[in-house]
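Okay, so chain A shows up in both of these, paired with chain B first and chain C after.
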Partner chain A sequence: MIKAYYIFRKDLLQEFKTRFAMNAILLFAVVTLSAVSFAIGTFTARQEVLSALLWIILFFSSMSGLSHIFVKEEEAKTADTLKLVASASAIFLGKFLFNIVLLFLLEIIVVPLFIALMNFNVQNYLLLFFTLFIGSFGLAGGGTMVAAIISKSGAKGALFTVLSFPILLPVLVSGISATKIASQEQGWMTAYSELQTLFAFSVVIITASILLFDFVWNE
Partner chain B sequence: MKLIADHISKFFGEKRVLKNITFELNSGQCLAVVGPNGSGKTTLLRILSALIPPSSGKVQYFDGQILLSKENIFTHTGFLGPYLELYDDLTAEENLNFFSRMRGLKDDRSTWWNLMDRVGLGGREEDAVKTYSSGMKQRLKYVFALMHQPEILFVDEPRSNLDMQGIQIVYELLREQKSRGMLLIATNEEQDLAFADFRVAVHD
Partner chain C sequence: MIFLKFLLYVWMVLVLLGAFFYAPLAKGLGEYTRVMYFHVPMAWITTLTFLIGAIYSILYLRKKDIRYDYYSETANQLGLLFALLATITGSIWAKMSWGAFWNWDPRETSIFILLLIYAAYFALRSAIEQQDRKAALSAVYDILAFVTVPFFIFIVPRIYSSLHPDPLINTQGKVTMNGKMQLVFFNSLLAFTMVYFWMLKNKLEVIKLKMKLKQLES
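Take a look at the complex of A and B:
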């Protein structure tokens, strides 16, 4: 576990110096948010549509940056160097930790902007934050695993979104439903099954990724 | 320490790169892998160092009578080659700090500070690796490979990118490595081959 932390710290230091992933994700998010905001204008969209829009922006923004964590290791020819000093599980956990921090930063900036610009009426903020929190684990877990797979292929960028979408579809569907419930005057019990799905998916995808990562990374 | 390579073969798709390579190597010995470009020298070194698995056959490391697991092999080995890079965005010090922590060396910097001086990079620790020339990067890779004083050292093209002074420094380090443990090099240079006790020839 300590090695995963060292890898996370190294990636954070590299990101601090290059700001590649952060810039890619934030620029994509802000541009998309502005485009949607201008398109809708003064017209207030239904809460169901806004809930879906929020998750679509989060999903595609994260797609523009999450893959960078492994692609940069392959392109800079440092993947083998990393293999010499760390086990596959330590590498996965370190990279996962970095991606989850990146997603949290994205949400801290995008969600308040979305609420303000899109007139998104949130009735239950705690439920919204809890949904985003658990959903981020699923997005980062699946995204990190797919990033490792596509880093060894030729068409990295396009393949990442195409492969991630079917894998992360349960996060999107449940996340949108739970966010919609948070925007309506309904209690936690209504969102219980959606939160349960998000939590179960996150646990399964992270556990499966840790178990299977050795094959992806070393084959 | 003993290395046993037992009938190693490697295929990339339909293409056979290595066929039935078998040998034994002990501490204090040096093995040179020779052969023309594209013959599989690098692939053999990567298999022996456990970076990639063979298609068939096995590589075993023994510490006395104890068979080492794959995870343990990396704590006993050092590796450098043209396709193994360090982090360009980070300084040499940040790179070596990261790798020493990953190898469990904690904050003992004395070995790599000493090595940095020996390879002629003393005083350049705080420069980003991307500002280094290719020869300086090669010298830094030697520091990375030797910082934990490995018992087994793999070197792919030992003289790559080095000037005469660099080659002399590296030869001194390789001599020390051979007296301390095991050395495996992939090369076709006559001067490098002077280190070798045995040769394995790979060809198309």
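Take a look at the complex of A and C:
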């Protein structure tokens, strides 16, 4: 576990030197957000449409940055050295931790902007926060694993979204549904099954990733 | 073996005749309900063959024998074929019963995602040159994809109300068909499963021969 933390710190320090992933992901989010905002213009869209748009922005911005974590190791040819230092599961946990911090950062910046720009009324802020929190675990878990697969294959950029989208769709579907509920009513009970799905999916995908990562990493 | 093949042929002919002429119609529904005798077996074989593909992927990761990679590729190829057939037969039902070939019912969404997943699997396969790397990465992706399949098949259609008639494995655990319908239905299910296993066996045989040929050449 301590090794996972070291890996996480190393990636964080490295990130602050270049700020590549952070810039890519945040700028992508801002660009998409303004594109959506221009497209909708002065008339306000319905809450259902807005909650779907929020998740689409979050999903595609995370797709632009999450793969960097493994691709950079392959590009700098540091993957083999990393193999010597730590076990596969420690590396996965460290990288996963980094990606989830990246996603939280993205959400902290994009979600308030979205609420302000798109006139998105939220009735239940706690539910929205909770949905985003659990959803991030699923997104980061699946995204990190697919990033590892991608970094080992030849084609790097294009395949990442294609491979992640179908796997991460349960997060997207139940996330959109829970966000819609958060924007429409105060209660928690109606969003219960969505939160359950999000939680179950995150647990399943993270467990499967930890078990399978060894085969990708030491290939 | 030839005898078994002929038996399968006769059986399939009987199933086809039974589906169109012998089985009575469900009360209050039109002729289009007969698509059920083809749609449900297709959907069932899709699940079965993706399961077999995932098992071969696990076997590959454990044994590192390239043969299992070919096997799982074959099972997934057949899975894509049957998923497509299930989508088409389901679409025909949807047109007759709901009025449109496609309207994003939760069931339709989930089979669409299933098609997307396995299309992505073959895209990944075609992107990697090195054989053992291709085998390992696609096996991992196959297993990762397979653990998300239950979410599409069982959980998402439960959360969002679907117009789809109760699937075979429903919550009440009962079959709402009369005797003649049941006879044709279960025969169709079994016969199509046998056809699937026959197809799989032939494809696996071809792979074995190809590997033997490669061995002789080298």
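The definition used in the following text is that the second predicted complex is superposed on the first by the 218 of 219 C-alpha atoms of A that agree within 3 Å, B and C clash if a C-alpha of one lies under 4 Å from a C-alpha of the other, contacts with A are read in each partner's own complex, and residues count from 1 in each chain.
Heads up, the rule we're going with is that a residue touches a chain if its C-beta (ideal position, glycine included) is under 8 Å from a C-beta of that chain, and two chains touch if they have at least 3 such contacts.
Since the model is a prediction, treat every value here as computed from it, not as a measurement.
> Quick check on the superposed pair: does A:V173 touch chain B, chain C, both, or neither? Answer first, second, both or neither.
Second partner only.
> So, does A:I149 touch the first partner chain B, the second partner chain C, both, or neither?
Only chain C; A:I149 stays clear of chain B.
> One more residue to check, A:S87. First (chain B), second (chain C), both or neither?
Once the two structures are laid over each other on A, A:S87 reaches chain B alone.
> Per the contact definition in the header, classify A:E194: touching chain B only (first), chain C only (second), both, or neither.
Second partner only.
> Tell me which touches more residues of chain A here: chain C or chain B.
After superposition, C is the partner touching more of chain A.
> Looking at the overlay, what does A:K10 touch: chain B (first), chain C (second), both, or neither?
Once the two structures are laid over each other on A, A:K10 reaches chain B alone.
> Kindly classify A:L212 by the partners it touches after superposition: chain B alone (first), chain C alone (second), both, or neither?
Once the two structures are laid over each other on A, A:L212 reaches chain C alone.
> In the overlaid three-chain picture, which partner chain does A:E185 touch, first (chain B) or second (chain C), both, or neither?
Once the two structures are laid over each other on A, A:E185 reaches no partner at all.
> Which residues of chain A are in contact with chain B in one complex and with chain C in the other?
219
> Once bound in the complex, which stretches of chain A touch chain C?
Per the touch definition, chain A meets chain C at residues 142, 145-146, 149, 152-155, 159, 162-163, 165-167, 169-170, 173-174, 177, 193-194, 197, 200-201, 204-205, 208-209, 212, 215-216, 219.
> Give the list of chain B residues in touch with chain A in this complex.
46, 49, 51-53, 71, 74, 77, 79, 83-90, 94, 98-99, 101-103, 144
> Please name which positions on chain A make contact with chain B in the complex.
Spelled out, the residues of chain A in touch with chain B are 3, 6-7, 10, 13-14, 17-18, 76-78, 80-81, 83-87, 218-219.
> How about chain C: which of its residues touch chain A in the complex?
61, 113, 116-117, 120, 123-124, 127-129, 132-133, 136-137, 139-141, 143-145, 147-148, 151-152, 155-156, 158-160
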